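Structures are listed in the sections that come next.
Shared chain: chain A. Partners: chain B in the first complex, chain C in the second.
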Partner chain A sequence: MIMEKSNSAAKTNPRPGEPLLEINNLQVSLPDAPHVKPIIDGINLRINAGEVVALVGESGSGKSMTALSLMQLLPTGLKATSGKIIFDGEDILAMSQRQLNHLRGGRIAMLFQQPQAMLDPTSRVGTQVAEPMRIHRNVDRTAAKARVLELLGEVGIPDPSARADCFSYELSGGMAQRVMIAAALSANPELLIADEPTTALDVTVQAQILKLLDDERRKRKLAVLLITHDLSIVSALADRVAVMYSGRIVEEGPTQRILNSPQHPYTKALIQCSLLKADKDGNLFSIPGGAAQARDLDEGCRFLPRCVTAASANLQERCTHLEPALDSYNDCCKARCWAVKPDGAHSGAHEARRP
Partner chain B sequence: MTSYDPIERNLSRDKGTDPTAPFVVVNDLVKHYPVPGFPRGRSVKSVDGVSFVIKEGEVLGLVGESGCGKSTIARVLMRLTPPTSGVATVDARNVFAMKGEELRRMRRTMQLVFQDPFAALDPRMTIGESMEVPLAQHGIGHARERRDLVLRMLNDVGLDASFYGRYPKQCSGGQLQRVVIGRALLLKPWFLVCDEPTSALDASMRTQILNLLMDLKRRFSLTILMISHDLRVMRYMCDRIAVMYLGQIVEVAERDELFEHPRHPYTRALIASSMLEETGLNSSAGLLKGEAPSPLNPPSGCRFHTRCIYARQACSENVQDLLQAGDGHSVRCQFWEHLDDVSQQTARSGDDASREPMARAMSA
Partner chain C sequence: MSINHLAPSAPTILEPARRTEPSTVAQAIRFIRQRHWSFAVGSLLFLTIAVLLIISPWIIPHDPAAQSLLRRLAGPSAQHWLGTDHLGRDLLSRLLIGGRFSVVIAAVTLILCAVIGTLLGVISARTGGLVDEIIMRVVDLLISFPDVIVAIFMIAIFGPGYTTLIVSLTIVGWTPFARMARGLTLEINSREYIRAAEVLGCTKTFIIFRHVIPNAIRPIAAISFLRFGHKLITVGGLSFLGLGVQPPNADWALMLAESQAYAERAPLLVVAPGLAIFLTALSVTWIGQGLEMKGRNASKAAQ
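Presenting the complex of A and B:
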């Protein structure tokens, strides 16, 4: 399929519903520290054109490193040691620097948690928003200027012509994130990678920015890889969700299916945690232990040290020695767990999780 | 609690005080920071006439957008920075008038937990050393006793003895936040101020820390001022909640009353924006307009009028006072009774019918 695409002569971009990005068996490791286990260990993920896929999971599970691999922007010391990242038929990991520069900020744009840190304090807002379209779309100066004002208006910045002449440090956090969105949309990308785009913002501003992102992606049929650990954001914005645990995807499927009937014990626990609902004794549900325990395991399921299902489902033995694969359990969802049977038929014991 | 206990918990409690009087009373607190380079009189009005009380054993929440003055209140109460004016008493003692030995003892009864546990601990000291510092400063126990106290506290906050010798970089954010909370509790305070204690943590760490705080509150009968911008955290932790906007409290009510009958337009916007999975992306749209104004130059009249969708002429002219909107419920808006007449907007209070499937399924 991928072969077909790159062979097709006419450069037609993928249409909504067709695969735009496919991560195949991606592994990220520290080559200089061979005893450290890979930070990302065999991830497979597809994003279709126009689709919003959320990547969720606890701190340190590998969400940001997955995102940075997509742009070949991993920090020094980390390297994609195997796998492929196919974007519209071509492997990003095999691209030359020139090809990468062409992709970054052009067909793939990025949005980060700290907008102020990403904007250049020495250059005017208008110039920064214009840059991607000037570089990647060969838009001339005058056309770019007009287009920038249009974009700034679109992302909800009042009085765009005055703001275009501002420096980024003169903007509030919410305004700066709007400017970042305008800059990200500037070259009309097909894929937007947004790593915790609203975590640093106030709740009221956060809601406004999420609404803006949702409007823009619908209008532009833009695909988005959305990284967050806030499930309410996932529920409001994403078409599909992939749950990461310790460098692996443990469950994946359409957002409402996963949030309504999660099958993997970690997904269930994560949802329980996020709701902050107290039981009758006034305690909140929490996942015992920490993710660090997973790093000490050499075999078996990485979630085992924190899993309440393994014991109750009488799977302790198998979970200790064999790692489950990410298998489909119905027509659209996958999970990596021995206790999950096809068609969501659970091995019966999952009801026994915490009251 | 246990036989060996060199810290006398009751030391700071004045037996003469009226047991029914509120434990913490803050009256008309003002903190203005002068702006360097501006003519005298020009200042950031970080906290501008804040009053509240906290009963013994109660958790009061302080919520509001960034920059509205929450942390400033915490710092002023802890005497980390002097107030411009106003009075605060804890256990009937005037906090701002304390000196010498009394101040030193007060510092034992009141403790602060910060947002960022990494910043609160010295990276060159082991966890154990960091936790012993305040004990040593207050001359509590000998080296050996201090070590035992710290080990016991580590256990109380759910960490094993191996943490005693670890450095901060060898621990996760959640573990460090436990250390910081444990250190604050070592001096057996009566009053704990928590400034965004879970904002730097992910969902599973957050619930662990909140459970810990609630458990410790019960065991140590703590009175808590809880600062957060996360309304879900507030809903779980607090008995009463005060909503701040630009240096002032704009609404105070019992927790359930606030969520079920929010009266101030700003509170309504906050609630709608924080319950996205229950209310969806559109519910908060249009509940707030414009950008937060600068505290250097707060708007005239009702400070919220530049962002309020119900604002009318009178709002920019009349200074608003806190009005009684029910039992223990105050609101700083002269039109609070008539908001719903003017607009179709209704307050959203998480009633089951309006919830999205996820919340419904998971709470069933």
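Presenting the complex of A and C:
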């Protein structure tokens, strides 16, 4: 499903293929509670213009917090304590409130998990879709209205003029997500952050929404940061994937390479979970342990308590005391694991131990 | 695999919620019919009173201040439908004129209180931190003064009058609204659509006026109506104490105070203004109650 993009017509600066967003060594923590470990600990991630990057991981791994820190909308108490988030040459973390407001919705848009909850119940759908362009593009009321109807049509809403007068509770989940997409696209952003955009929808609607997202981002040469735990969505949409565990990226690379030959034990386990295959006793596979314990580790690899590879590969000593760095193991992929050899060939113990 | 946990009541695509543009009258009728009976009855009663008070200068049969000591304390007659008071002034005329002051003061004070209270409450909750702390402590401080005491104090300094009365009643009056608006805002703050608005780059002011207040307005409106009666009685109480309308001008509470001594000889003198205050307060309370009842049903249906 993954296609090489052939974007030649550039929308704005930066052109497709050039970096649009660069997260450098981002750390998010609770400044008021110094004993609590950082929620996000030294993330590096680059998103090129027109590229779809997926951020994968289980709940609590810091995916959504990464997204919110891009918007500078972290929950109260959390702060980006170090690092840089460079968007089109400017550091988001150093921006003023005014610049941020311009950025949010104007150049970076965001989709959320619960589309119906994202719409204000007291205001009509059309008004809400129009908000970003009224704020960011200074479009007047009548022009905005026409544009809203056009957008609603584009995102596949039948009878846009009737729908524009609806309230959020009159829409189904899929409809509401379409409306949210229309609102997100209405100011012509360059980057779309989609935080589990289809998790709350049923499977058939999921597929429609994903198709719509894919179509729109191709049409608009939009860069997308896709946050999800569903690897099938990743394989369908993303160019590159970054796997997060306990506030860190543990593996990163082109989607097909990572999904076909994962190196990090966590990525492997995630893929195995998503296959939903039962073993001979009829039990589904699940990763032993919970993500929470990782935060309590003071040294060593954070995945160690749940890692099957470490035990088998005789790396215990190293894994307990030293945390591996996120190193390239071939020309395009990186992994944070002692068991991964730089040439891409994994230590023999690896394959043998997989159940 | 993915479970659809959306509201089962969400309308299907097959049946679009099309609006057939009903006329304003039809909409108004639907609005009233959806509500508790007390809304319709209260509105009707209040409208009647309001219209009577507005047109009173043109319909009163006699000059409300014209005395006729020969006909003092007369019972109802063809000339004086409700009789006369202790100075021979026409009771009906005084009754019609006498409500204007209290009702206007009560309404203006209430609107001021609701607007100021809501704004400060919303700002307090949206800003948080030191601002929140300061506003809420001021509320705590002011709420401990009874409004009548503040009013008496202010009137003692500045003398009676519209402005003094309104200001003095507003000083304390906004506090319950601020508390309530703050509570509502804190709840709305945690809603996803506020986050969505922030993500869309809406400014703080825009979010407050466009998303927070519209979602908080319903309970605030209901409480405003319920508090109208309270305000009316407070204004009445001040007039009764001689701090509101000054004689010879007519005012319901003042009429009550003046005719106390004659309650046995001419009970209507006491009953009529008392009933007028009671009915006005009741009508507005009913409106508020009707609105609130609907509010409860509507939120139940939305879930």
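Convention: the second predicted complex is superposed on the first by the 341 of 355 C-alpha atoms of A that agree within 3 Å, B and C clash if a C-alpha of one lies under 4 Å from a C-alpha of the other, contacts with A are read in each partner's own complex, and residues count from 1 in each chain.
Here is the rule we go by: contacts are C-beta pairs under 8 Å (C-beta built on N, C-alpha and C of every residue); 3 or more make two chains touch, one makes a residue touch a chain.
All figures in this text were calculated on a predicted structure; none of them were measured in a lab.
In the superposition on chain A, A:K211 contacts chain B only, with no contact to chain C.
When the two structures are aligned on the shared chain, A:P31 is found in touch with neither chain B nor chain C. Contacts of A:M118 after superposition on the shared chain: chain C is touched, whereas chain B is not.
Of the two partner chains placed around the shared chain by superposition, chain B and chain C are both touched by A:S172. In the superposition on chain A, A:L73 makes contact with chain C only, not with chain B. Once the two complexes are overlaid on the shared chain, A:L231 sits against chain B while remaining clear of chain C.
When the two complexes are overlaid on their common chain A, residue A:L276 makes contact with chain B and with chain C alike. In the superposition on chain A, contact is made by A:D202 with both chain B and chain C. Chain A residues 158, 172-173, 175, 202-203, 206, 276 lie at the interface with chain B in one structure and with chain C in the other. Contact residues of chain A toward chain B in the complex are 58-60, 158, 172-175, 202-208, 210-211, 214, 229-233, 235-237, 256, 259-261, 269-278, 282-287, 290-292.
Taken together, the chain B residues at the contact with chain A in this complex read 65-66, 172-175, 201-208, 210-211, 214, 229-233, 235-236, 269-270, 272-278, 280-282, 284-285, 288, 290-292, 356-359, 361-363.
Across the interface of their complex, chain A is touched by residues 1-7, 10-13, 16-19, 128, 191-193, 195-203, 206, 210-211, 214-215, 302 of chain C. Taken together, the chain A residues at the contact with chain C in this complex read 71, 73, 76, 100-106, 109-110, 112, 114, 116-123, 131-132, 135-136, 158-159, 162-163, 165-166, 168-173, 175, 180, 183-184, 187, 198-203, 206, 276.
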